[in-house]
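Order as written gives the chain letters A, B, C, D, E and F; numbering starts at 1 within each chain.
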Amino acid sequence: MNVESIETKIVISEVMMPSKANVAGNIHGGEIMKLMDSTAYAAARRYAQSNVVTARVDELEFHLPILIGHLVVCTAEVVFIGRSSLEVAVEVEVEDLDHNGRRQKALSAYFTMVALDENARPKSVPPLPLKTQESQDKFAEGKRRYEEHKAKKRRQLEKA
Amino acid sequence: MNVESIETKIVISEVMMPSKANVAGNIHGGEIMKLMDSTAYAAARRYAQSNVVTARVDELEFHLPILIGHLVVCTAEVVFIGRSSLEVAVEVEVEDLDHNGRRQKALSAYFTMVALDENARPKSVPPLPLKTQESQDKFAEGKRRYEEHKAKKRRQLEKA
Amino acid sequence: MNVESIETKIVISEVMMPSKANVAGNIHGGEIMKLMDSTAYAAARRYAQSNVVTARVDELEFHLPILIGHLVVCTAEVVFIGRSSLEVAVEVEVEDLDHNGRRQKALSAYFTMVALDENARPKSVPPLPLKTQESQDKFAEGKRRYEEHKAKKRRQLEKA
Amino acid sequence: MNVESIETKIVISEVMMPSKANVAGNIHGGEIMKLMDSTAYAAARRYAQSNVVTARVDELEFHLPILIGHLVVCTAEVVFIGRSSLEVAVEVEVEDLDHNGRRQKALSAYFTMVALDENARPKSVPPLPLKTQESQDKFAEGKRRYEEHKAKKRRQLEKA
Amino acid sequence: MNVESIETKIVISEVMMPSKANVAGNIHGGEIMKLMDSTAYAAARRYAQSNVVTARVDELEFHLPILIGHLVVCTAEVVFIGRSSLEVAVEVEVEDLDHNGRRQKALSAYFTMVALDENARPKSVPPLPLKTQESQDKFAEGKRRYEEHKAKKRRQLEKA
Amino acid sequence: MNVESIETKIVISEVMMPSKANVAGNIHGGEIMKLMDSTAYAAARRYAQSNVVTARVDELEFHLPILIGHLVVCTAEVVFIGRSSLEVAVEVEVEDLDHNGRRQKALSAYFTMVALDENARPKSVPPLPLKTQESQDKFAEGKRRYEEHKAKKRRQLEKA
């Protein structure tokens, strides 16, 4: 298997039906979080070529409310690889089909997934090709978040 | 509004979860038909810039079974315009995320949608730009289906 | 097993709840298509006494919109048998419970199902008894559609 | 409006999909109770020609487990009328489509519904025609349950 | 295993989303019945430490309508043990989050569950500790309902 | 309204049914995120006595996988108040009903909600009573996260 042939990005999209409304009549934020988790799962599974599970989610931000009838486009991209973990940047854009509107950023987050082998033990994943400047920048930022998070865990363990 | 700036194509995709399984454990064909209808709706609504309803579906074919875990990618394209009707060609491709597989054609169909004004009466839709040979060919085929269908309706009415 | 004792018709019905609404607040056409597929499946499975899958859907027409609260009655009838395929005529009627209304035809379609044996290979199905003039007429029409469709496939293959 | 022309019975049916399974893999009893409530609602709404709400359910019995793939047929019949209340006898039968089985009784219950006018206040409902011996017998039994229940309520109030 | 350490009570709660609405826009009574069944199941399963199935539901009463946005709190308590049956008292309270309201009783019922061993045959369940006066009173009432129901079954069998 | 009488904590719980499974047959992480969002919403709405929307989620961690049949208990507590924002600490515990297990921590996260007035503009929320040392400690930590986040936003804006 040629690593460089594996795509790092996946797009999942959906038209928002009334069954996904919250109490106020907008789309339930939890439904969008579920969609983001599915998209991160798909991107990581395809990249790792193995089962993956969500380990953590950071900096999940809601920028815009989403309404019934909106087209939601969720893009997940594997941007950083730790030993067996994959950081997936997830962005949700929204488009109002009625007003021929441009797509606008509605949510974003970083999902950390862990690749598992057939015995549900962490397994290593192939390195990212990083052929463009953009992918190298994203990787560096992912690495910074990964190390910040590890340092924080260490501090919490020392305190406990 | 500049007609030529309106996109005629929309892509909706989804990872198939177990809640969409049929009695045999594959994905329920009806769930995919529902996804195709939503995608045709989105493409027609964006193109017509008004509410649209499904009037008929023709030549819906299942080429491949779809399994839990598959990524389903549904593409809908407005290919023909009658007075207030839009023919939307819908194609469903499927990708097995586990085996780094190529996408394969799983279903296809033609959806006829009708554009409605605010009083739920049919309204006219802008003509297709048809700038490429491909779009002109698709339009010609759509026109043939449209006229065949009208001729058939006439025969049925005469017989009745 | 006595073929003539097998029923060819099945009726599935449902009261339409708000969770099945589309963006405009009516019942999502895709939900009704899913109901039609389930009903065709049930009729074909009972007749064939084996697993069945949907192969194609033709002439699916929406005659009336369906609203929240309507009673939807879907009837599927096996009308034609090819070697291992069954054509199932599906009709959806709708009744407004609030206004003591008569049932009105809302959708219709022809579903072609294929019977599968335990190794998922097409298997033959018992012939239809065709004891009434009506069942013989329906069979003849089904046969015509079956042959038209086969001829069309042949033309497409020759062109390709 | 001619009372005798109003139907007292309604049938709702469904093929059981895996999304309705409980933890043990059979169909969730609560899903069937929901289906019974919808069917009682539909029968009472059509009979009363007004909004109705469920007030109580008695003697709900599960006779047989229901499995994925079963056809469930739920019949609701208005059998007794109090001032603004309707007693609806609900029976669920189940059919195993794979084994060409007869329908077997799977659940039964009595639902008491109350008819409401536009201000959500109880309104009277037309009397039952009771043209057959069977309908008169069912009415007498419904009346007995209605009076037993009222006597019991009185005793509870006196004790409190 | 120490019987007295087993809890007899479980609480399941949920905020009511629009996808659970009925035709009139309130919460579908059947959805609440389904929630009650799940809660009775959880209480009985934990107490019996084995699979359990619902055998009957008695005296299910709706005291208050439930609206979209309400917090629903469902409490199930094992109150009586027959040989392999468990009677579970289920009570639903509702709280209007918007008006800082107190919780009010909305539904109540008695669920009779049967404990099953690994071959799906009834198995005996441990006796209730009954250490408080309240638990002894509830047990006595449960026993009365259990015996009334058995006597009634006997009368029905003799008549049949 | 007496601020100190407002509860800051809410508990939402659910038995995990097969319809919430992911591709691997465990419970879909996105379903649990949706449950956490609903619980944070309920806690914040009750505290703020107004509509609230999710603005961000931080440090969402999955500690344990959740399986079909597990009882999931989600606790949300308002721990910090900014002007119109509320930080809600959300913790998910899981209990295996079959093995009489203790509850174990399965997920945790911080949800930031914003209170909105009737014109969907941010409105101020009452201060937390902070009568115990524990609530003061949680508040101090919430304040630290709030200020870290604000400082980070400032840096991002300066860079852009």
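By our rule, contacts are C-beta pairs under 8 Å (C-beta built on N, C-alpha and C of every residue); 3 or more make two chains touch, one makes a residue touch a chain.
Owing to the predicted nature of the structure, the values given are computational and were not obtained by experimental measurement.
Relative to chain B, the most remote chain by averaged C-alpha coordinates is E.
Ranked by how far their CA centres sit from the centre of chain D, the chains are topped by A.
Matching D-F against the pairs in B-F, D-E or C-D identifies B-F as its interface repeat (over half of contact pairs the same by residue number).
More C-beta pairs in contact connect the chains of E-F than those of the other pair, out of C-E and E-F.
Rounded to whole angstrom units, the spacing between the C-alpha centres of chain B and chain D is 41. Chain B and chain E, compared by their mean Cα positions, are separated by 47 Å.
Shared interface positions of chain B, defined as residues touching 2 or more other chains, are 15, 17-19, 22-23, 28, 38, 41. If you check each pair of chains against the touch rule, the ones that pass are A-B, A-C, A-E, A-F, B-C, B-D, B-F, C-D, C-E, D-E, D-F, E-F. Here chain D touches chain E in the complex through residues 22-24, 26, 28-31, 33-38, 41, 51, 53-62, 65, 109, going by the rule given at the top.
Across the complex, chain C meets chain D through its residues 1, 6, 10-15, 17, 38-39, 41-42, 45-46, 49, 71, 97-100.
Across the complex, chain A is touched by residues 15-19, 68-69 of chain E. By the touch rule above, chain D contacts chain F in their complex via residues 18-23, 25, 28.
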